[in-house]
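Read through the structures below before going on.
The same subunit A turns up in both complexes below, where it pairs with subunit B and then with subunit C.
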Partner chain A sequence: MTTTWHADPAALAAYVEGSLDDVRASSLEAHLLTCDRCREGIATSTAADAIDHVWGSIVDTIDTPHRSAVERLLLALRVPEHLARLLVATPSLRLSWLVAEALALGFAVIAANGTSGQDEELVLFLFLVVAALLPVAGVAVAFGPGIDPTYEVAAAAPMPADRLLLIRAAAVLASSVSITALAALALPDLDAIAAAWLLPALGLTAATLALGTWVRPLVAAASVALTWVLFAAAAAVSTQDRLAAFRPAGQVACLAVIAASAAVLAHRHTLSEGRIVR
Partner chain B sequence: MSAPTVEIHDVRKRFGRTTALQGVTFDVAAGITGLLGPNGAGKTTLLRMMATVLAPDDGRLRLLSWDPQVADERLAIRRRLGYMPQEPGFHRSFTAFEFVDYVAILKEMTERRARHDEVRRVLDLVGLEGVSGRKIKALSGGMRRRVALAQSLLGDPDLLVLDEPTAGLDPEQRLRFRELVSDRTADRTVILSTHQTEDVAALCQRVIVMLDGQVLFEGTPRELTQVADGRVWLADDRAAGARLSWRTADGAHRNIGEAPSDADLVAPTLEDGYLLLVGDRAFAEEAA
Partner chain C sequence: MTVRADGDDELLRAVAQGDRAALEALYRRHAPWLLARLRRRCADPGLVEEVVQDTFVAVWRGAGGYRGSGEVPAWIWGIGIRRLIDRLRKTSPVLRAAGDSLAVSAEDEVLLGVEHGDLGAALGRLSPELRSVVQATVLDGLTTREAAALLGIPQGTVKTRASRARRELREALA
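Then we have the complex of A and B:
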């Protein structure tokens, strides 16, 4: 297409430099779109790295991975972009897993609301035992050999496998605790006992991670889960109080487990020194 | 040989009752080294050690002059290491781009824009730029191997450990692979295992033949070929002294083994040398 007038060379030079004011730059751009001669005029004087930069941005926008609902949520929560990418590959952070957690707790809440007296206490007991176990299950499948298909590649990468596991475990714990807290709000007779799963959940998760210093995450989680169920049942039977494990003495025991696990995790580096892959 | 970048001294490894490596010793210098050997010879075990994902039970291992058993030194190695496992796993719902991007994050490339540039660079290198947005589960086997190869090239590592990189590649892709690996500057170290003797002949400066967890041969491809000097001949029929014999396209039998004095000797290939070496050992074991 040809036009009858052409842009002033000084204006073109100012445009290329980026020093032309917005109004004139916009009018010049409209002209450039239709005028071959003026486009040619600026083609040679435009810095190659500026073109590369623009082209790079375009390619990058095209390549930017599709973000799942979970990843968008993580980014909205100000999780750094690269950490969010590492988290979306976590099986126990997928939407399906989170929905399953919500459903499991939802049924318990519905059951608790539909019963009374002894039965209600039994449902509450089950709710609390399961609520404490949910993050343990999530951590068990968060990262490890045989769980993450890219484990072999990840094991040879500079980012320590331990750190990747801890990052994922923290995210799993946060999601699980949030869902459980919402479910607990719907429990009948809302009182302190409705929050009694929190310390056990933290304690069991910490114990799973600590035990993971020596055994695989799945083995660690299974051992912790079994110990927890036996402990809660034994406490209930021996004291004639179904919720004994969740009373103050049990909570103190959980605090002790958290402290011991934290000590193990802090020294994990030296404890597992010399071993490359578990 | 220039200063070794990988030193392996009397390295041993057992898995339960199975002995995978029974005292392996050799050095590797910059350049391309090929590991040849039948299945179960211990190649993958050795490569996993060089990739810092497996520790030896006994023996000494130094990679880029660091000790992989010491945490700080292991990290230093991993920062200069590229590793393509034999059976690389993928998050199958990731695209090729997303997968390589994921590994780039594990390789401490946190800045998004620079990381994406690097991901594009390695995908271009393996010829996958056109399918980078496709999900891995929709890619062919050969393409998946190339995705695995691409991630190993991230950050242009000093030490590149490739476990059967050409398995499942078609002839054209294999040629492209050779081009890609041999293009790398001479001060880098590449160690690859393969079943393709042509790859070793075409690509490697050094070759190590392994059998039953031991090193059977260490030398240049030419030296391995020379093992079969005077032991390959053509005849009308399968010869009596031949360990292996097959009818070639033009009707003559190519025999490998102890040639009779009047044999019509032909120039051996690296494959002949390899077959004789491995066959001699098996033969000796049978006799013992």
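Then we have the complex of A and C:
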């Protein structure tokens, strides 16, 4: 940058101090945009502590991690910051996962609205079976090596593994149950059966968590899902009623599964002999 | 404190790659004059420091968007003055009024530059409120709307003062 003149140190000091008159200050400001040497002169006249102080704030701002939409929502709902962070790291609580859940259910609802008679019952059956499985899938990918980005950190953190597991499972369950409930509202001929997935969903999730005492979540979820599909299909075939698994007898069976799973979870430590598979 | 001899463009390219040392070098080079220049436009030192902070955070995040059009200092100033305006829009009018106390009385100013015929003296003879409008719209390159926000006056007032200032300058230089 070629400049023909430079401001004298007294003028620079007066400018920094704010005592230089407006006309000369304006001229100096235009000059400063192109003159390295006078910019250095300004720097020498400026108190270093203000510059250092602001630099510290800049570093702090840059280092603050960017919060996702889900995390901001959790914080708005007054969830404590550390818990929100823990939940957001859950793969099945990411926005993409929630959107995928909503889409899957949305297609089921559209299919149900587009069919009638026998077919409608079949679509309803599929909707209920899938709706009950969604939280299981969510729990399956909520934690575990290779899936959870915070797995290594969480494994070393002074927080009981069970607590993390239950917090995340509860959050996954809550999110997928609310999405499913919304989808169920859009079903044709809305009646009590549209809510029949709720207890199975709770039962299957509880069973997955309970099985997780002995095997990895992914394996537990796969076994539970397979058992559930076979059970629902077998019930439908043997009773000539497609929705047999969702009738009162089936709901009671789900309650029994929830109770048994709760018992297992309560005694997790003794049952797994200290070898908790996460 | 790192001292780097690189030019602004190289530093900015390094910042775009996530080089924090380059950001610090750029900051050490340009924060002092930015701080001083903003202080002349806002009487609240805390607010000015926040604006400088905002500006360099924006440089950090937006360095990739710099296309080498114009000089880096002018680019930084453009970010800084607009951040200041954004902040002023959010603060209360009471705080903003404090900025007016910096202005020297009109009589003193007129007495300073009576016998000179050049542009500087003509500028100096403008009343402080006209001069601040000239400074914002011509020298700082702000739009009427931005100047209005910076000075805390309505847009219509900015326009009338700008045309009055132009007329007075023309007469003074004739």
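A few comments on the model shown:
Everything that follows uses one rule, which is that the second predicted complex is superposed on the first by the 205 of 278 C-alpha atoms of A that agree within 3 Å, B and C clash if a C-alpha of one lies under 4 Å from a C-alpha of the other, contacts with A are read in each partner's own complex, and residues count from 1 in each chain.
Everything that follows uses one rule, which is that contacts are C-beta pairs under 8 Å (C-beta built on N, C-alpha and C of every residue); 3 or more make two chains touch, one makes a residue touch a chain.
Source: prediction; values computed, not measured.
Of the two partner chains placed by superposition, only subunit B is touched by A:His82; subunit C is not.
When the two structures are aligned on the shared chain, A:Ile51 is found in touch with subunit C, with no touch to subunit B. By the touch criterion defined above, A:Thr61 lies against subunit C but remains apart from subunit B after alignment on the C-alpha atoms of chain A. Of the two partner chains, subunit C is the only one touched by A:Leu32; subunit B is not. Contacts of A:Glu152 after superposition on the shared chain: subunit B is touched, whereas subunit C is not. In the superposition on chain A, A:Asp22 makes contact with subunit C only, while subunit B stays out of contact range.
In the superposed model, A:Pro9 makes contact with neither subunit B nor subunit C. Comparing which residues of subunit A touch subunit B with which touch subunit C, the overlap comprises 59. Note for the complex: subunit A touches subunit B at residues 56, 59-60, 63-66, 80-82, 85-86, 89, 148-160, 164, 269, 273-277.
Chain contact summary for the complex, subunit C toward subunit A: residues 20, 23-24, 27-33, 35-37, 39-40, 49-50, 52-53, 56-57, 60, 71, 73-74, 77, 102, 109, 112-113, 120-121, 123-124, 128, 131, 135, 139.
In the complex of the two chains, the subunit A residues touching subunit C come out as 15-16, 18, 21-27, 29-30, 32-34, 39, 42-43, 45-46, 50-51, 53-55, 57-59, 61-62.
Partner subunit A is touched in their complex by these residues of subunit B: 51-55, 68-69, 71, 74-75, 78-79, 81, 83, 85, 87-92, 94-95, 97-99, 101-103, 105-110, 112-113, 115-117, 119-120, 132-133, 148, 151.
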